[in-house]
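Note that chain A is present in both complexes that follow, paired respectively with chain B and with chain C.
After this line comes the complex of A and B, so read on.
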C-alpha cells in the first residue's frame, strides 16, 4: 500500500512541475464550459423549463458536470496511453508493482490537483455568474460526495481499458479522442439524459458511462429519492468492479502480446 | 538570421509545385502507418457526429435560438470542424512547430531556398482531417439544402470569397498560435490547443455571448469569421451579412500577425548546438 501512496504523491508532484501545461489544458475545457453556458442561456431565454430542468437547475448541472469531467482529465489519461505507445511499459513490467493498481494510484494523485483547481474555478464562477449551487439537503449532499468519488473510479475503469486497446492500434491520441466523444454523449456530459429520445436514454442507462456524470448530477439536483440514489451508487460500484476485472484480463492478454513481439 | 538571395524566384507556380512535392513526400511517409490514421479518421468523424447529435437534441426542444434555426447553427458548427479538417490535412505542419523549434529541426528549413512558411506547412499530414472534412462537408451540404437560399451569380461569388477567407483565417490562427513554440519552452503544445479550443465559441451564433466576448471573437482571435460571418452572408441575415466584406481583411490581418510572430520568433530561435 505504501508504495502506491508514494506513486500517487509522485504523480501529484509531476503535475505540479508541468503546471503551465496543466493550467492551459484546464483553461481549454473551461472555454468549452463557457460556450455551453451561453448557449443554454440563449436557449432558456423565454423558456421556464425544458425536459424537467429549469434554468437554475441547468446551471448547477453544467457546474457539476464540469467538475466531474475535470477529474482524470486528458492530461492524466494520456499518461497511461503514452506508456503503451512509447514502450516505457516495458520498464513497468520489471517493477514489483501491479500495473493496474499503480496507474490507479497515479491517476488519483493528479485527481487531487484537478479537483482542487476545478473547485476553485467553480467557486469563482458560482459567485460571479452562475449562482451558488447547493445540494437539496444534507443526505443528498453526502450521497453526492460518495457518487462523485465513485464516478472517478468508473472513469478510471473506462480510461484504463481504452488505454490497453493501444497495444492493438498504433494510435494513442485517436483512441483517447474516440473514447472522449463516446463518453461525452453517453455519460450525460453534453446534455442531460432527460433531453434524449427514449431509446438513447435506455441505451445510455445500460452502459457504464452514465456513472461518470449522470449519477452525481442526478443526486446533486435531488432528482432521485434516497432509495434511488443508493441504487444508482450501487450500479456505479457494479461497473467499477466489472471494469476492474475487464482491465485485469485485458492486461493479462496484452502482456502476452508484448512477449510475443519481444521474441 | 539573414538569408542570402538566391537566383530562384518564388513565383506562385513554383510554390504550388513545391507544395505538391513536399505534400507527396509526407503522404508516402504516413501511408506506412495505416492503422493509425484509420483510427484518427474514425475518431474525428465520431467527435463531430456526437456534437451534431447534441445540437439535434437541443433543437428538438426549441426550434429557434435567437433567430437562428437548426440547420443554420449546424452550418456554423460544421464550418468549425471543416476548417479544422482542412488545417489538419493540408497544413498540419503548423502543429509540429514545437518539435521543429525544440529539436532544432528548423535549421534544415532555414538553409533551403524556399519560403519557410511553406516548409512548415508541409511538415506533416493529419489524416484525421479526412474525417472532419467528410462529415463537416456533409453537414454543410445538408444545411445549404435545408435552408432556403436565394442563389445568384453574386451570392455564389460572395459565398466563395467568404468561405475561402474563413479557411484562411482558421489556418492563420493555427500558425499564429503555434508560434508560441518560440517563447513557451514546454514539451506539449498546450497553448495552441487552448487557442484552438476558442473555436468552441464559434460553433454557435456569437450573438448569444456577452459584448466583450463578441468583440474578442471578431477582433482578437477572429473565429467569428470562420463560422458566424459565412453563415450570416449565406443565409442572408441582414444585421450581420455586411460583415462579409471584412472577411478577406480578417484573413489578411490574421496572416499578417502570424507572419510577424514567425519573424520575431525566428530571431529568437537558437538552433541546435552542434
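After this line comes the complex of A and C, so read on.
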C-alpha cells in the first residue's frame, strides 16, 4: 500500500513541476466554462425555467460540471495513454507494481491538485459573480461530497479502459477524443439530462458516464431525496467495480498484445 | 544451479504489410496483410548465478527481444523461461523484485522529479529496508559520482548522468540478476569507465548475475567472461570469451619505427612465408604473424640484428574485429567448437 501512496505523492510533485502547462490547460477549460456560461445565459434570456432548471440551478450545474470535469483532466488522462504509446509501459512492467493500481494512485495524486485549484477558482467565482445556492442541508452536502469522489473513480475506470484500447489502435489521440465526446454527451457535461429526449436519457442512465456529472449535480441541486441520492451513489459504485474488473481483464489482454519493438 | 534457464525461446512479431502509395494505404483499411518476423527463433540459454554474460549481435539480431522476454516485459511466442524458478511473464511481481534492468534507450526514472526522489520512490516500490537503502545509496553516489546531479530532475540530466542514475535505480534493491541493454551507448570514455567499474564491483561484492547487450566491445572485454553471439534470432556462439580469442585472435601485429632506413626489408623474413609485412612509411614497418607459430620475441630479435629500431609496439586483435568477422560470416564458428577450450553450442 505504501508504494502506491508514494506513487501518488510523486505524481503530485510531477504535476507541480509542470505547473505552467497545468495552469494553462486549466485556464483553457475555464474559458470553455465561460463560453458555456454565456451561451446558457443567452438561452435563459427571458425564460424563467427550462426543463425544470431555473437560471440559478443552471449556474450551479455549470460549476459542478466544471469541477467534475477538471478532475482527471486531459492532462492526467494523456499520462496514462502516453505510457502505452511511447513504450514506457515496458518500464512499468519491470517494477513490482500492479499497473492498474499504480495508474489509479498517480491519477488520484494529480487529482488532489486539480481539485484544489478548481475548488479555489469556483469559490472565487461563486462569491464574486455567480452567487450559487449551496446544498440545503448537511446530509445532502455529505452525499454530494461522496458522489463527487465516486465520480472521480468512475471517470478513472472509463479513462483507464479507454487508454488500454490504445494497445490495440497504437494511437491515442483519436481514442481520447472519441472518449471525450461520448463522455461529454452521456455524462451530462454538455447538456443536463433533463434536456434529453426520453430515449437518450434512458440510454445515458444505463451507462457508466452519468456517474461522472449527472449524479453529483443531481445531488448538489437537491433534485433527488436522500434515498434516491444513496441509490445514485450505489449505481456509481456498481460502475466503479464493474469498470475496475473490466480494466483488469483488459489489462490481462493488453499485456499479451504488447509489441514493443527492439533490436 | 542455473539462475536463468530458457529453452526453445521464440518470439514472432506480426508486422502489417502496407502496399506503397495511397492505393496501398486505402487497401490496408479493408484488408490487412501481415508477415511474421521471427525476432527470436529458438534460443536455449542457461546462465548460472554470478556469471557475467555478454550477449552480442548485429542490430536486429534479437538481443533486446530476448532480454525483454527474460525480464517479463514480452511474452514469448513459444518456449520456456525460468528465472530463479519463476516464469517472468506469469509471475511478474516475483520476478520483478529479483531483477534490475537498464534499457539504455529508456529511463525508469521519473522525468520531472529529482533523482533523489525517484530513488526514494523506488525504495518504497521495492520495499527496500531503510538501512539497506542508505547503505546502497551512499555507495552508489560515491562510486558513480552522483553528488553533482542527484538533486536534479531526470529531464535535466546529461546522457551520462542519466545512465548512471538509471544504473543506481536498477541496483537499489540488490537484485540477483541485472539486465543491461546497451548501458554505455553514446557515453564518453570516463563515464563508461565509471559504469564498468561499478558493474564489476557489484558482480564481485554481491555476486550479481549480469547479462549485458552491447555494441561496445570494451564493455565485453572489461566485464564479461562468457560470450553469446546471436544473429537472426539464433545463437551462433556460446562459450568463454577467452576461447574465442584463442581460436580467432592468433594474429598479432608488430609496428616498428626504424632509426635508419632499411634497404630491402622483405628479405628479413623471406624464409618464413606465414609472416606478412607491410611498409607503412619510409621508416615504418608492420609485421603480421601467428603467435602460435612464431613468437613476438623471435621476430623482434631478428629485426634488431638487422636494423636500428627506434620504437615498437604490438597490436593484439580486439574482440571487435573477431565479432565483425563472425557477423560477416567469414569466420567459421565450428572451429571454435573444435578448439578444446571453447564450448560452442549449435543454436
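The criterion applied here is as follows: the second predicted complex is superposed on the first by the 256 of 263 C-alpha atoms of A that agree within 3 Å, B and C clash if a C-alpha of one lies under 4 Å from a C-alpha of the other, contacts with A are read in each partner's own complex, and residues count from 1 in each chain.
The rule is simple: a contact is a pair of C-beta atoms (placed from the backbone, for glycine too) under 8 Å apart; a residue touches a chain by one contact, two chains touch by 3 or more.
Predicted model only: the values in this text are computed from it and were never measured.
Superposition of the two structures on chain A leaves chain B and chain C fitting side by side, clash-free.
By the document's definition of touching, both partners, chain B and chain C, reach A:18. In the superposed model, A:100 makes contact with neither chain B nor chain C.
After overlaying the two complexes on the shared chain, residue contacts for A:42 are found with chain B alone; chain C is out of touch. Contacts of A:190 after superposition on the shared chain: chain B is touched, whereas chain C is not.
By the touch criterion defined above, A:3 reaches chain C but does not reach chain B. Of the two partner chains placed around the shared chain by superposition, neither chain B nor chain C is touched by A:224. By the touch criterion stated above, A:178 is placed in contact with chain B alone, chain C being left untouched. Between the C-alpha centres of chain B and chain C, as seen from that of chain A in the superposed arrangement, lies an angle of 80 degrees, given as a multiple of 10.
The larger set of touched chain A residues comes from B, when the choice is between chain B and chain C.
Between chain B and chain C in the chain A overlay, the least Cα distance found is 6 Å.
Within chain A, the residues touching chain B in one complex and chain C in the other are 18. Across the complex, chain A is touched by residues 33, 35-37, 39-40, 42-44, 46-47, 49-51, 53-54, 57-58, 61-62, 65-66, 128, 184, 186-188, 190-191, 193-194, 196-198, 200-201, 203-204, 208-210, 213 of chain B. On the side of chain C, the complex with chain A involves touching residues 13-14, 59-65, 68, 71-75, 89, 92-93, 96-97, 99, 101, 103, 106-108, 110-113, 117-118, 120-121, 124-127, 153, 181.
The touching residues of chain A, when paired with chain C in their complex, are 2-3, 5-7, 10, 13-14, 17-18, 87-88, 90-91, 93-98, 255-256, 258-263.
Looking at the complex, you find that chain A touches chain B at residues 18, 20-22, 24-25, 27-29, 31-32, 34-35, 38-39, 41-43, 45, 47, 50-51, 169-171, 173-175, 177-178, 180-182, 184-185, 190-191, 195-197.
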